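Each of the two complexes below includes subunit A, the first together with subunit B, the second together with subunit C.
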Partner chain A sequence: MVFDVFFLQQVINGLSIGCVYALMAIGFTLIFGVLNVVNFAHGEVYTIGAFVGLMVITAMAPPLLAVVPLVLAVGAVSGVGLERIAFRPFRRFTDEASQKSRAMREATLLSSLAVSIMTREIMMHIFGGDMQGIPSGYLLQQPVAIGPIMVASGSLVIFATSAVMLGALQFLLYRTQTGLGIRAVSNNQLGARYVGINTDRTIVTTFAVGSMLGATAGILVGLYDGAISPHMGFAPGVKAFVAMVMGGLSSIPGAVACALLLGVSESIATEFLSSGWKDLITYSLLVITLVFFPQGLFGHGRERA
Partner chain B sequence: MRKNAILGAVLGAMLATTAGATVAQAADREIVIGYQAPLSGDRSQYGEMFRNAAQIKLEEFNASGKLAGAKVAITFEDSKDDPKEARNIAHKFLDNTKIVGVIGDFSSTVSMAAGEIYAAEKMPQLSQTASHPDFTKLSPWQFRNITTQAFEGPYNADWIIAAGKKTAAVIYIQNDWGISALDGFVSGFKAKGGKITATEAFNPGNRDFRSILTKVARQKPDVIYLAMFYEEGAAFAQQREQLGIKIPLYGTSSLYSPKLIELGRESVEGLHLATTFTPDNPDPAVQTFVKEYAARFKSEPGMFAAQAYDAVGIMLDAVAKAGPSVTRESLRDALAATTNYPGVTGATSFDPVTREPAKALAKMMVKDGRFQVVTGP
Partner chain C sequence: MDVNVPDARLMPATLAPPAAFSGRGRRFAWTLLLLAVAFGAVPAAIVGTGSSYLAQIAITTMIFVILSASLNHVTGTAGLLSIGHAAFYGIGAYAAALLSTKLGLPFIVTLPAAGLIAALFGFLVALPTMRLVSIYFAVATLGIGEMIYVVLLNWVDVTRGPMGIRGIPPIELFGWQADTLLTRYLAVAVIAVACVWVLHRLTHSYYGNALRALREDDQCADSMGINVERLKIESFVVATFFAGIAGALLAHTSAYIAPDNFRFMESILILAMVVVGGLGSLPGAVVGALFMIVLPEALRDIGDYRMIAVGATMFLSILLLPKGMLAEGTALGFVRRSFSRGWATIAGGTPVGWK
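Then we have the complex of A and B:
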């Protein structure tokens, strides 16, 4: 009696949580793809998106769709700011040796971690460590029955948003001049610079776009969860990171597919094991992927400096 | 030049404060109590409540004149709900000879990490919330003023059985406290002839309970018993509603907070729990505390604030009993002799052998958007 309607419900539960991971993984992977450096502050951009969204909602009670452009703008600004503070200072050295230097990459990684911790602590001092409730009119928690299966309205919104983001990003990357620039810088930063691409501007654009997606993810997940806190970015950030690595580091569709895979695996595993084992499933999948597919499931095996 | 001026001003200000402090000490003997609690990190909301409540109690005490010839101060340290930090703080507190007793920490895990050091170095420690059965077994230097899960679990189990419900699924947080809550409830429930359909652990920080809910719903227990904190409790209740599951919820007293209702709204209607503190209690001591807390911190105090308020009260009364020249040793003995301390969480006495507090629990449920005392099953 395992494969019944409850089992189907578990798959749907898994897809809902997988979509939350995916929503976060999209912006995360985009930035990694271009700079080849993990942006540890992505979780904080996500949290900022949620808090700014909530502030706007409590202050002005606008329709939900009006909140989105504002959150997008805040995301773009924080992305540009983040790039300026944590990443640009390390790009002063433009010679090939510095660009390929491992120390430089690790320093960048740590500076993003530093900015992430600082941002989180500052938010804690401003908003307090407590969970903040969302006004009930904005919650995305209405139960929606699809036959015998129940989903929350938020799951559908998050699913649709992930699909739109993924589509829009693929369009941006493969159909526009900006996208061509991003792909060129991602492939070979020095080469792109030699052929006259403004790499600084491309990187700033990538940060702005990636952080816009991150901030939107934050507010949507906040409305879906019903509460936000300065720590909300950490747990999905870790899962998004795993999805990114499994997906092959720079493949955005790969990260999305792996995020969904993680969500569904965790959810189905709960049927057979205690759910306390959930994180073990995630990391086992990561290890299995890395052992058997060192380039990730969707990796291109490109050379890494 | 400007830099030097600023530096000078800062140094001057620092000297002035130090001088001020010395003068104050000379006038009056100062006794210091260490308070370790999570003031940052993702459990900081509890630390904030503890600090708020402790400040109120300390001011009341110093103004009351119960301790002639000395003033008591509390020094707070942030343990971040991290056992490593707690051990560092324990060493720091031990090195400070002015500190005669310690309150804290928040979770059992962290309290016990620090407690091992206090036990070895002979420092009295009183936790406002550590309810793991092993905490007071560390040494004669550990005290707590919260009922343990070994007491609360069977109490709730009796309540559920008395309501005619025979099967239960237990959802618990995967830490020391959660496991002790699970053990307490399960043994009590089975002893009364109840049947446990499932026990599901979840990792701290998890906010998605849909897969657990789906699994539990398949087994159709009469009740779901929640051993968790209010953030998780609110999320659990909301997701239960979204999945259209109607099984009644019972929970540990840790869910008792106005925030549970603020976050969970209609979804927590009908949730049952037992607690030592209710702000609706007409007792004048409770009402004074509730009013003072609300006036200062713009929120209603929950059980956690009340626990800290009483822990500080018990500690300060022990200091007063031990007299102005209090030592760690004499403070421990005074604490152990605590009988019928009239707190806002009921009268507290420590058992002379186990040092466990004896307290009364009140049965409550969420009704019409607030916690209400229920009488009968």
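Then we have the complex of A and C:
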């Protein structure tokens, strides 16, 4: 039963990649929920998380558990900064014509893209365009045996971290006042404002939370793969975006489920196809989903945009 | 509206100013000026400086003018946000390259063939995706664009994969070869002007108004008797046709193409041109293409900081002019005053249009 063991290992690898996509897709979903705009700079937050983690590790060599809160803090700060630079200025137009205008919506989308180009180029300038290695003491690549299956310790760390963060997110969204605010703004921004919710503050909070998840995903992948580069954010960003759309844009469980599905199908596809073709699987899944379920797999009759 | 030149539509026919001062004289002057720049000043500069670098920028600009004008047709005028446009550009380029290197077909066949093949792919893509709305459509085009890129990169037997295709013959018409920089530029410029002219006639016609109705509210347009599905598919097919033409021009002028020319970032660059210029405005698309191509080249002196400056400029121009440099309203007024008789009235007071 050699095949079965190998197959299971591939599934587990896929699930850990899927968890990373899921962490990013949640950030996308939260931000899309409150603003109705796609945040194209999310992949850069992921890269920033990875680079800050590396900088801290090389500078101070702290224990691994101390890196995570630091990356969380950096993620929150970069999320708030991103919102202030790329999104806040476009909310100054509050009249109805501007809010419905297609030009305005596309302008916001492109401003996040412009900020992401700038961030990436600045990082290239500081760190150079090449891959950077992670010090070997921090690599999460030790094999761990679970019965007959060998799993990299990084997979387990990724599972554990994602589970903790998902739990915390559920707690935040459904048990706290802040979460109530986020859900209210996501449901109906104007209505939320009428009942006295500070929408600006809620949006900033959402950016902070979403970017914390994204930055953590970045450092986890850095430690798992062992190398990081300023361009690393692009591919997972697009995959997470795909997962969000497949899940139905505003559904967090949907985004998580689809991210895991993408991760697993990618890692199984590398077994049958060469790795160059594996992206084809992701995108065909996306197109097939959209054609047969135009609202995504878990979307429910959202109002026509 | 310009205060000094009264709008002909608002006055009785007898009071309308003579043609020389209103629409037609200005139209003539503007057209003449633009053509003089495209076919006089730029070639003169290329010959005068003898710089192949300058000529290369001029050719790239003309190719991107076609691309952004065609994306403007589908995204600006018909309101379908497409972020996979570069893939159809790539299909056109590969079609022209393969037809001319493998089958030895002349340019006069490969150019329309590239356009038609890209349009065929556009049609096949449009059929299933047209019932998606807003962001779902955008993401579907992203997915399809990346799929086409993956195929171009990995189908090594046909496309030679990451090595790209070399030795594509230059533009050649009935024995006349565009093998110098100047002739190459002129050939591309003539085709670009023709493409923009066709798109201009299409957008500023009754048909173009139907596309705008579609953009503003497709359900409403449907209830007014416009065949929404068909119009959407048609606009997408037209846009992909011109993207294919642009791809063929790239293949024949640069003699070398590789899949990396047709990635997601290239689609975004084209979209940025359209948005910076002004969504829905054809002059805006042309100006946006000029701006986004010439700016990075002009900034080459500051070297490493160039792309940062491009990002910053893009960000600032979106921030300060969220509706674009030549917003559609402005552009339409400009077109009405200068280029088109579609909105003018003749002596009897009946509107002249394409109805």
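We take it that the second predicted complex is superposed on the first by the 298 of 305 C-alpha atoms of A that agree within 3 Å, B and C clash if a C-alpha of one lies under 4 Å from a C-alpha of the other, contacts with A are read in each partner's own complex, and residues count from 1 in each chain.
By our rule, a residue touches a chain if its C-beta (ideal position, glycine included) is under 8 Å from a C-beta of that chain, and two chains touch if they have at least 3 such contacts.
Predicted model, so just to flag it, every value in this text is computed and none were measured.
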First (subunit B), second (subunit C), both or neither touched by A:16: first
Touched partner set for A:276, first subunit B, second subunit C, both or neither: both
First, second, both or neither for A:249, with subunit B first and subunit C second: second
First, second, both or neither for A:110, with subunit B first and subunit C second: second
Which superposed partner A:183 touches (first subunit B, second subunit C, both, neither): neither
Which of subunit B and subunit C A:267 touches, first, second, both or neither: first
Touched partner set for A:229, first subunit B, second subunit C, both or neither: first
Which of subunit B and subunit C A:88 touches, first, second, both or neither: neither
Which of subunit B and subunit C A:136 touches, first, second, both or neither: first
Interface residues of subunit A shared between complexes with subunit B and subunit C: 121, 274, 276, 279
Parts of subunit B lying in touch with subunit A, wherever the complex brings them together: 40-45, 47-48, 174, 199-203, 205-208, 210-212, 214-215, 217-218, 231, 234-235, 238-239, 241-244, 259, 262-265
Residue numbers on subunit A that touch subunit C, as the complex places them: 38, 86, 89-90, 93, 101-104, 106-107, 110-111, 113-115, 117-118, 121-122, 125, 238, 241-242, 245, 249, 274, 276-277, 279-280, 283-284, 286-287, 290-291, 294-296, 304-305
Residues of subunit A defined as touching subunit B within the complex: 4, 6, 9-10, 13-14, 16-17, 20, 121, 124, 128-131, 133, 136, 141-143, 145, 150-152, 225-227, 229, 231, 234-235, 266-268, 270-271, 274-276, 278-279
Residue numbers on subunit C that touch subunit A, as the complex places them: 79, 81, 128-129, 131-136, 139-140, 142-144, 146-147, 150-151, 153-154, 215, 219, 264, 268, 271-272, 275, 278-280, 304-305, 307-308, 310-312, 314-315, 318-319, 322-324, 327-328
